[in-house]
Structures are given as structure tokens and as C-alpha cells.
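Chain naming follows the written order as A, B, C and D, and within any one chain the residues start at number 1.
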């Protein structure tokens, strides 16, 4: 026999005005297990709570029902009240007789009847309430950042400044990401390297930051607060502890290879750092192209290395570390426009992409900052820019807008005007999108002061005619086909997800959208969290973004991670799912249903017929379970139950309101 | 290999060379062609732009006849091919269309047989190796621009080759020992019947195509469509008269003519003597007479 | 999972207040509302003082995906005249995917009930967000009207 | 230029847009006016409205203007527009549908093209096949240019490219019936 107390609130006249609260209390006394019922003017007030505490003592109550407002409002208040009275706070239910009754049903008689029903429902449920405990776990106070572009660097610096150790795992030989490839940045046109390289150096010198370049995340186990991460450190063929970055090796190496960093417009050696300010500034050997690895000859770098750092025998190394939080900042790729047959399938050398252009215009790039067209190194006089290539194009590319290309195209046209006197730029666009501070003004300047001719229309065909590129479009504002004889064409290719984004998402157990961008937990209110607790997002891996937005998101992701790492213990909600192991058949249907990957199989040993036998059953990880209850319905055996919302509790409610 | 042969109206008149050379090539490749008995005109673009249903029904009647014989159709003309393909796809993808078409044609076409272009049959299906092995007179590196026209590779997703940069004919040219020049107007439209119906508009399209072909150094253009052929071949004289500085003497060939010649047939037997633009000098240059 | 209902007083007994004339029949609808959207939407209807018939009794669940079809059947067996399952709009689920399950599950449920001879209007699944107080009001009003027209549920009521 | 009253135009054009959708399978409302169709269209230079403008005018409900346009007749049905449209629309099919509608409405803005098509089809209807010589002669006579293309006729005759008599197929009655039926059924269908 339970001892339930019912407390009916007047809320001034909010409830008492249309519900006969006294009658509700009187009726409540007749419900099974109810040993005490009363009404009071303001239940949530100090004296109101005192009424509850006193009654608990006086009547030796072991369950409490408050009939008042929405539990969304005061459930926590009353739970605390129970706790301070020495009771388990989960032995409590609320009947919402205000929002769901007095405020919507002006008829006092009908309202009162319904209020009584609602109290009966709460009383029926509370009888089935069991004491619940929040679980808590310790936290590993270290963060892992995957991807060392501007977003990842910013995240690492912010977390490290807050006093927590951070590891950056970067798959390239250096951190820096795309921003390192960019020459100047809109809308201020400050030099990208001037603002990025100091940050890279800061990161490399920060006592709390460890950079694992040329490395990748191989395996993720564990859960929020306690991830076990396996990282593959790819063989650099250079002993990092011995190498001083003197550069002798790459000076001497006879093997030249197209430089990825320079978008194939320049060369690098087989032993190389991608660019002079690389961090760490120590080389790797590209084993695919190195002659030594190809046919055993050469070894020049090793011969000349003053410190004996070159190590052809080096192997990949796997390390496993514990982290409390993960930030993913793996950035983006450029859309591959070789699907556009009408633009030459990517085979015209002078039809280049935005990133090619960045390298051409960069003073330390392959042309020393001179805009020369790749085919014959002539300086182009007429440059055509084509926007939305692969963006906003369901037929060949992606349906979304890439957000940055309107601005970087304006930037490019500005730079053409500055660098090539007498040149002329044409920009084909569908819309000009400039939603940022100072962006519209920048675009206006490009069109007015830098004389870029904007033409509203999508280009239908680009073809080579002699040494010119013919560009055919429509000026849709006058409604006539137009044709331009260009020397060079720059395509504003869409920003797309990294090709391995899907794999990484599966490794991490986070979700991704139809375009392989990682999905945030809520598009407006939880933009840097994922559905997997403890994994956060920053930068262009979540969707096309420019540098200001990437950095802002990085700060937000860092603060979320810091918030998590600052806790000594992590409390998880008591409303979690629970497996009745004795009945679970181990079919694991529930596992696939859980959106938080909180269910896994475990092996239990039990005595069957006097023999010990092993058996698989489902196990709910209480720190990961968010209490949605989806699994409980999926289990055909009905052996999963959601604590606080058990089948028995809900059925009791159903029965109570159906009388 | 056996196909129901659909020559279409053109191959019996203005495109007679295409008919002659196709028959020769078929013989060499061991492809048996059986002309569809009592076939009718496919309606061309006039048909479907006047009455959508008629545009589907006219080709369907021919397909229905071929279906009775259980043969896929080979249609050398790009326009006929495009109309038949459209009809085939429409009937296959909608029961309602199938029924309506059947009502008009008074014949059942189930979509069990389909249509292929001559390029598909003679080059893609036959295979470049077979073509190479049959070649006895090498084209000697003749620079040839392969012109596919617009309809052969459309609608996108249904055709047998890339819609923007098809290669079937280029590969054939190479297999025959010619040099297929890379050029950007492979699939630009020649205007179809516009040069006849709306001369000025049509001639401009032909002019552009010939100019680009010449500018990339093509010594000849090879086509797979009688309409393209007629526009490019017959209109050169017109253009030379009507357009300042125009001076075109660019030989135009059907791809089947080149194949027949390379396979050792006399050019005349393939119908090559019937062109408007002289072909003898370019053939002479490469010892192909 | 059975509950001894004998011990409970019948609501008819307690509600008949002495002076009230016999009331016309009011349908009884059991509503399962997800905590994040529909329960909040019903709260908003209250905060906005939107009136609707006192026919519905809401049972709060964390997610519409928590609603076991068994609960629905039980409600009908115990004499509910209608059942409403309501949650977040597809794509807005607090738990990301829960309501997709709901959608599929209740389509099947609807067919099952129809098979058992239940008028499909008695069982409805709706998406009502936390800002859709008026939609909650309209849904309950409409459902009440519909069920009034159908009369009490006798089909699945446990034989007593 | 008169302002267009969009209130009445849009209302009136709604049904027509639906009609075009049914006939062509193309929802013109989905066109985002990028102009790629017009940019690639080989005859846009000669059109009074570019293909994109045709799509736009339909969106706005300017039905009559569209049906009276030259563009729908000049369209060579090359399908370049359809092949490249980023929204996977098929303007070529819209052009086809519009030409059929224009003909029904009695707008044949491009006499020569309309005449050519008509002569072409008449030839098919009566012979089962096109009689090219007859077509060309008939067409040139009809458009009062009897000597156009006449220069090429002798050599074509000599080469066997022009026949002096039409080839009549056996099934020509069946073909004629197809014309009649298709006309009747399409009339009812819409």
C-alpha cells in the first residue's frame, strides 16, 4: 500500500476561478492509495512548498501529486521540494489542471470533472513510480580536434586557452586547410597568410596543443566524456624527432611532382612540405612518386640529411588515446566540374577553378602572383567568371547555394582589375548573394570601381576557338544571347563535402545530410552540436561557410566542448531505457532503432539447468540514452522499458482516464 | 545480327548515299538488314510539333511491324532515330500512352523491340577491333571532324553516347586510320529543316559549324544523319554566294561511306560521287580513290 | 501489466454533482502528446486561453515514438471514444528520428483498426508543434465533432 | 509600353500552365530563369522571345503573347535546352506543346515554317511517306519563291536524289486514318 498525497493549487484565481479545487481535493481522497489531499493558493510559493514538506512528514507520504500548472513549468521545482524533504524526487507526478483545463474550459462543472480525471490519472501513475537515480561518470579532460583548417585551429586555441589539452589530427602533412591556399580574403582583402600563419604558429607552440599531422582517426569507441580514439600516424619516412626542417632534402631531391597545394599549377619534390610556412615544418616522403620506393634507387635525401632523419623503413603507427570531447572540422572540397560537358569536361587548360585562381594570384604561388593562363603563360586580358558551377544545379551538381562564391568571385574580379591594367572581367551570375557585414558594399565596389561587368545568366557553353575561349550565355536582363571571347575562364565551383565525410561520420556515429555535410543537432538552436553527445562541429564540414562564419562556429564549438570538459562529473538524466535481461532474446532489433546509438550487445553468463551458459542480450548505455523511448516500442518481447514512462505507468494512466 | 531496317524517307531520296553505304557496311560486318515492309514516314519534327499523339503513333506503326517479326530496328537517320526512340520510351513507360498509340495505329506495339542508330550497330556493337580488322585501305591520317548533330545523342540519359562530347564516330575515324580532330561543335544543331523553311536562320547555323570545323583544320566532316549531311553539303554553295568571305569546300561524308571505302569498296559504289561538294581531291590525297 | 480497476471509483459516480441536470454525452478522447511539441502546443493553447471541448485527456510521453500501439488498443478497450497521437512535425523531432517511426507505425495501426471495424476517424495521428496552440485547439474541436457524429465507441469496449 | 496587369494575367494563365504541364510534362513554375536554355539555343538569336522568356511569360500568365510568338515556330527541336537545364526542365517539350496550342488557336506566326510543316505532313498523309521533290516544289510555290533551291534540283535528279513521282505505300489509307484519329483524340484529350 502506497501513501500518496495530493496537492491541488488555486494559482490565485487562474485555476480556482473555473475549477472547483476543493471538490477536486475531496474527490482525490477517494482514489486508491491516496491518504491525504488538500488545496492551497499558490503551491509553488515558499509556503506552498512548505505545505508539501509538512504533509510528507506528518502523513508519512511516499508519493506526491501536485495538481497545478504544466510540468514543463514547475516539475523541477517540486522535484527539488521532494528532495529537500528527503524523498526521491522521481516519486512525483503533476496533473496539469491549468493550461490543459482551467484556462481552456470556462464551464466550471465540466472543467472540474476533467480536473478530477487528470488528478486520478496522475495518482494512478504515481503509484507505479519507482525511485530513480541520475547516473554520473567521470570525464577525461582532453579534447580531440579532427581537421586542422582555420576552424580546427581556432577550436584548438580556444580550448587550449581554457586550460585543457587538445590534440589536432590533420590528415595532410601540415595544418592550415584551404585558407592557406587562399591569397587575399574578402571583404577586407587582407592577406590570408598574414592572418593565418600566426595562428598556425600559436597552435604549434601552445603548451596545451599537440599536432598530429599526416594522421587520421581510425576508430572511435566509448562515449561522451570518455572516448577511446585510435589514431593512425601515417609513415612520413622522416623521423620527426631528428628532423630540423632545414630543407636540404627537398632541395636535393631530383623527383618533381605536381603540387596538390598549388592545384597542379606548380611542382613540388617527392620529399616535401606543402608550402614554406607549413606547420609542422617537417617534410614527408610521397611514397607513390619517390624513386627509392618505386625502384629502390636514389636515396639522395637520406644521403644529404645532416641529422639522419630520413627513414625509409618507417611504418604507420597506431596510437589509442582517451578524450572527453571531439570537435570535427574537416572542411570542404571543391566540386569537380568535369561532369560539365558543355564547359569542356574540365579539359580546357584555361578554364580554371577558384582555387586555381587563388594559387595564380598568390605572390608565393607558382607564377609569383602574376596572373598567367596555364596553357601558354600569357597574361589574360579578358577574364570571364562563371558562378554557381555545381551549385544550385540539380541536373549536374548540388541543389544548394555555396554561400561563399559570390563573394570570392567579386574578390577575384577586383584582383584581376588591380593586377592586369587594361583588363576586362565579365561575371555571369544568377543572383548576387552578399549577406554579411560589408559584403554588399564590397560587391558594389567590384562592379562600379573595378569595372567588372556583371551579366545575369547561366553560361550554356564554353569552347575553344583558336587561342580564345568562347563563352556563350544569355543576358537575361535584356533577353539576348551574348558571346564573349575570353582569354581565361574562372569557374566558381561549389563547396562540397570531403569525399571521405561519410566514412568519418560512420566512424564517429554522427549523421550527415544528402550532400554528406555533417548534420547539426538543431538547425537553429544547436548549430554546433551533433546528435551524438560530446561530438561537436565547426567550419565548412557542416555546410558551405566562409572564414568569418567558420571562426565564429569554431568559437561556439570550443565553448560547448569547454563546458563539457569543465564538469568534474557528468550527470545523465534518470529517464533512460532499461533492459529486462531475463527476457531479452538478444535479437538486437532495438539497436538499429536508437538514434543515439545507446544500445549495444553484451554477453551475460547465466546458469541454465545447472550449467553456466553465455548469452547475448541488449545493454543500454545510460550516458548515451536520451530517453526517447523508441526502442521500447521496437522490442517485440516488450522487455525494454523507459524509466519514468514505463509501459505499466502509461497503461495505468490510460485506464485511469478511460473510466 | 539481324535488324529491321528503317531507311526513312531521306535515305530513299536526298540521302541515297547513306542507304547505299549502309548496305555495303552491313554486308561487310555481317549485319543482316531486312527493310520494314511498307514502312511509313516518322513524321519528323513536323509531326510531333503539330500533334503530340501523331508524333508518337507514326513511328510506332513501324515499330509494331518490326515487332511482329521480332526484330530490333536500325534507323540510320538521326531524326528518325530520335522520333522512334521517343515513341519507344513513351510506350514502354506508360500504359495509357501505349493504349492511345495502339488505338491510333490500329496495331499493337508492346515495346518488346526497340530502335538503334546505325552508329550504334555499326560501330559500338560491331566493335572497334572488328572495324580495324576489316580495314584494308587506311584513311592515312585524314583530319576529320566528327559531327553528330543534336538529335543523335538526345534525349539525355537515353542515348548511347555522351550528350556533350560523343566519341563513337571519333573512335571509328581513328580505327579507320584517320585523325579525329577534337572540336567543340559536335552536337550543335544544324537547323534541321530551318535552312529550307527559314533560310537566313538556318544558314547561320550551318555557317558556324563549317567555320569551326575549318578552324580546327578538318579536311572533311563525317556525319551520321541525312539532314545534317544535306545541310552541310548542299548549303556550302549557297553560303559562298550569300555570305561575304565565305569560301567553303569542305567535303562531307557519311560515316558509312568512310567505312565502306576503308573496307575496300569503290567510293562510287558507296554513293560518294553524288555529293555537292567535291570529294575527289581529298580522297586522292590519301590514295582512297 | 494488468491493472486492478475494480478498486477505482467510476468517474460517472463522482462527477454527477447533485444540482447538475443530466449532461449530454461528451466523447472521451485519450491523447498521447510528446513532451517537446504537442504537449507544449497544448500548453500554449492554455496560455492563449483558446477554448476547446473538455473531451481530451492528455498523457505526456517523451516522444510520439514512445507510444506503443498496445496503449491505443487498451484505450479503446477501456471505452475511449477516440485516440489522438500527436508529436513534432517530421524532421523536427527532438530525438531526430522518433516521429518517423511513429508515422510508419500508425499508418499500419490505422489499417489494423479499420480491419477490426473501427471507424478510422476515431484514431488520428497529428503533427502539432510547440507553437501551434491554435492547431491543437482545432484538432481537438474537430475530432470531438467527428466522434460526436459517430456516437460512443462500442466496438472494442471490453464486455463488462 | 503598357504595364501588364499581373493580377488578371496570373489568374487567367494558371489553367494554361497546367495544360502545358499535362501536355509536356514540364512544370514551368520550376524554372528559375537562369537563361542557360537561351544561351545554348542555336536559334535564340532569331527569336522574338528567348526560350527562357517563353518560360517566364508562361509563369506570368501571358498566354496569348506566347502563342503568338515566333519563337515557338523557330525552335528546331534540337533539345539542347532540355539537355542542359539545371532544373531538369525540358523547354523543347514546352515549345512543342505551345506550337500545337498555337495552331489550335489559329496563331501561325511563322507562315513559312507552318506551311512547310503542313506540306510535309500532307505529303505523309496522302502517300505514307514524304515526297521530297513535291514537298520542296509545293513549299516554294506556296511561299512565292518558286526558284529557291531550284539550282540544286537538276543535279539531285541526276544523282537519283529526287524522284519525280511520289512513292505511295500500301498502307497509306491506314496512315491517313492515323492522322484523323490522332487529331480527334488529341482534341478530346485536352
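Everything below uses one rule, namely that a residue touches a chain if its C-beta (ideal position, glycine included) is under 8 Å from a C-beta of that chain, and two chains touch if they have at least 3 such contacts.
None of these values were measured; they are calculated from a predicted model.
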Contact-richer chain pair (by C-beta pairs counted) among A-C and A-B: A-C
Far-end chain from chain D, centres as C-alpha averages: C
Chain A and chain C: spacing of chain centres that average the CA atoms, whole Å: 37
Chain centre separation (chain A, chain B; CA means) in Å: 54
Averaged-CA centre spacing for the pair chain C and chain B, given as whole angstrom: 68
Averaged-CA centre spacing for the pair chain D and chain A, given as whole angstrom: 53
Chain D residues counted as touching two or more neighbouring chains: 45, 80
Numbers and ranges of chain C residues touching at least 2 other chains: none
Chain A: positions in contact with at least two other chains: 342, 461
Chain pairs that touch, as defined at the top of this document: A-B, A-C, A-D, B-D
Residue ranges of chain B touching chain D (in the complex, touch as defined): 9-10, 12-16, 38-41, 43-55, 57-58, 61, 100, 103-106, 150-151, 154-156, 163-164, 187-189, 191-194, 196-201, 204-205, 234, 237, 273-274, 276
Interface residues, chain B side, partner chain A - complex: 162-165, 184-185, 212, 215
For the chain A and chain B complex, residues of the former touching the latter: 341-342, 344-345, 461, 463-466, 470
Chain A residues within the chain C interface of the complex: 23, 27, 30-32, 70-73, 96, 98-101, 103-107, 109-114, 116-118, 120-121, 124, 511, 521, 531, 575, 593, 595-596, 626-630, 632-634, 642, 645, 647-648, 650-659
In the complex with chain D, residue positions of chain A that touch it: 342, 392-396, 430, 456-461, 472-476, 479-482
